[in-house]
């Protein structure tokens, strides 16, 4: 298939293929998308397909108004949520929605995940926020669009690039990044953080969050301007 | 082996082969069957065989009175439970009984699984019911037949196609669908829903069920008459 | 290597190889043995070897006094415990000691595993017993021999063939059977029963044991004289 | 690449490759190093690389002052912690820092792991210590160096060869051994001990530690001067 969006499809397909490999969803659950901001379109998983049926060719190209630009299949039912995030969070070019078990558990309990340790602090600055429960009115208006807006609202005064992840109350996690693969890697990290946090509470139901000086240090050594984790780019 | 029921055996065999692959039972535990409603027979796993010994040829063909029509082996000891479900639930053509760990835990605790989130609501309309514990009298009369009747009784006033799954108290899950593979997929979904629900209680023992407007929305966007999840058929 | 005990070594080796495959121990932990009762010897895993170093040839042949009859390597440090079980439980020809995670948890909590459901009742008649903690005097006399005696003592008035498994307090599970492979399969079943029981308590800390009429029924349909689970032998 | 340190790189690379295989960390998390004490240098994982990008050639050679002696990449951000351990604990030649889930949970709860059973006692003499939380002043001075010093301080009056593992509060486990592979094996053992301990508390929140006579016996039969576990060396 010839397409202006071959590379974008390829990126979205690779990211979606990682979801079941990393154990972040079973059956047809979950989805990832990749944005080409200059072209104003993103490639997203078609709705309800099995992961092993996916190919670069069946990724759906959607513009930032939600119109299908290329592709024969219906895009993911969560497409409008991705779209709202791309519009609101300027630095991002990839979104992932997983159904990973432990992150969903926190979302279902409608609780932010406290930053109990450095594994968590390496990924995000502080706790992982949890949105409000969607109201009946918001749901009636447009369920998936409102879900995106609930996420954006929970980031008021917070930098989405410093906390590339959120829990949607009663639903599950969304993560994002500079590309679709980075978004999926944050989904994997979030699942592990969520699992560690539940187990921390199993050891001590009164466990305290990591002191602020350690949270800041870990985040800065990995993401700050004097970062020394990883290799120079 | 020439048989009028080659395709039915094949379907039942494929469905049974999925049980251990999806991690829904170990050793010889669990079983699935596929019904040909027009012929009035179903193909079911033989009793006590290892999953890797199974072949389409050793599936047992049983009629809706429980008589073996074809096959040299004894059918699953749970055959009569499958039979009762096929008789009572007209729209179904596949049944699966797994021993999946977390669904069994809820069955052993004899509790319905609350609908804590959208992962659950995507699969069933509301909580997953749990039958009453079988009485000594019911057990004496016919254990497996009575087990089927306990299930049917727990669906009074409830559509078995909207909730394609149940927990048998003290025993484990049964799921069903329009075919045997769909029944097994619901068993996989149920196991994940059961696991998420236990973890939700680990985060918050007082966790509340999903509000009714979200339950309804998720079920309807996937299964309702204006469903927009998945592809048009 | 020519040996009178080639088949016995082979059986013991196969059984030991199943231990890590079934997820019942990591590293060098755990061991299984196979008895030839007429010859009065058993083949057992050598001590401290990695599972992937094992071969039929390095299984150690030991007699029922604990003397090494054939083999260059030291037998498992738990050899005397196996020996005591072979002497005391006449119908058995295989023993397995695993370090499986959830069974060890019950052993460490020094609690019998209640029979919460039919998955458990299919394997054993009632709860899985837990021995007393070994005393300093018993330990001084002969640690591994005393461990075997603690197990035997916990079966007073109980048929070891109806309950082919035990928890040694503070240590872990031992299982047995008519052969070494059957012993390992009971170890796998016990691990799953132990895991389900912990999760049952997570759903309901006050969960009740299965009523006696269901326990008896399940055990009898599988192991009783009118058993109808599995195929005629 | 010709290097005086080919064998050391190879050992460090093998040890790092075991970390994801044994399930002790995901993504780029965790690191292991191998020391050549006579040469006064160790080989360590480069910072932030994916495990499947690792090769013997990209291990970084660092001396005991922390200076990079060979290698183009930045060494692990935890390098100074390894260095402090090599300086303080004379008998060791390998260090591993994993992010294994259950060990991290104990570290995040800032609790030593009680010795609940013989699986634990086979590995270490008594509970697994947990350091103090790092203070802001210690962190400012030199985060990774101070982390090493916190570990060393928690071993005052305790033999690091008898307890080859520690939890860093709010962070995670460090383990060590006579070589890098032994250090990684202790990391695997620690993870399993940590998991069993959480499950033991799930069975009985008041579970008691193993009596001292059993702790001593198990440690001595494996590591004491009359050890009889494993093969003669």
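To keep things simple, chains are lettered A, B, C and D as they appear, and every chain counts its residues starting from 1.
Keep in mind that, in the parts below, a contact is a pair of C-beta atoms (placed from the backbone, for glycine too) under 8 Å apart; a residue touches a chain by one contact, two chains touch by 3 or more.
Since the model is a prediction, treat every value here as computed from it, not as a measurement.
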Tell me, please, which chain's centre (mean of its C-alpha atoms) is farthest from the centre of chain A?
C
At the chain C/chain D interface, shared numbers over all numbers used: above half (same) or below half (different)?
different
C-alpha-based rotation, chain A on chain B, 0 to 180 degrees, nearest 5:
90
Gap in Å, rounded to a whole number, between the CA centres of chain C and chain B:
32
Taking each chain's centre as the mean of its CA atoms, how far is chain A from chain C in angstrom?
46
Can you list every residue of chain A that touches 2 or more other chains, as numbers and ranges?
202
Based on the touch definition given at the start, go ahead and assign the chain network to line, ring, star, complete or other.
ring
Chain pairs that touch, as defined at the top of this document
A-B, A-D, B-C, C-D
Any idea which chain D residues touch chain C in the complex?
22, 116-119, 122, 185, 188-189, 192, 195-197, 199-200, 202-204, 207-208, 210-211, 213-214, 217, 221, 228-232
Complex contacts: residues of chain B adjacent to chain C:
26-29, 46-49, 73-74, 77, 99, 101-102, 104-111, 133-134, 136, 139, 143, 170-172, 198, 201-202
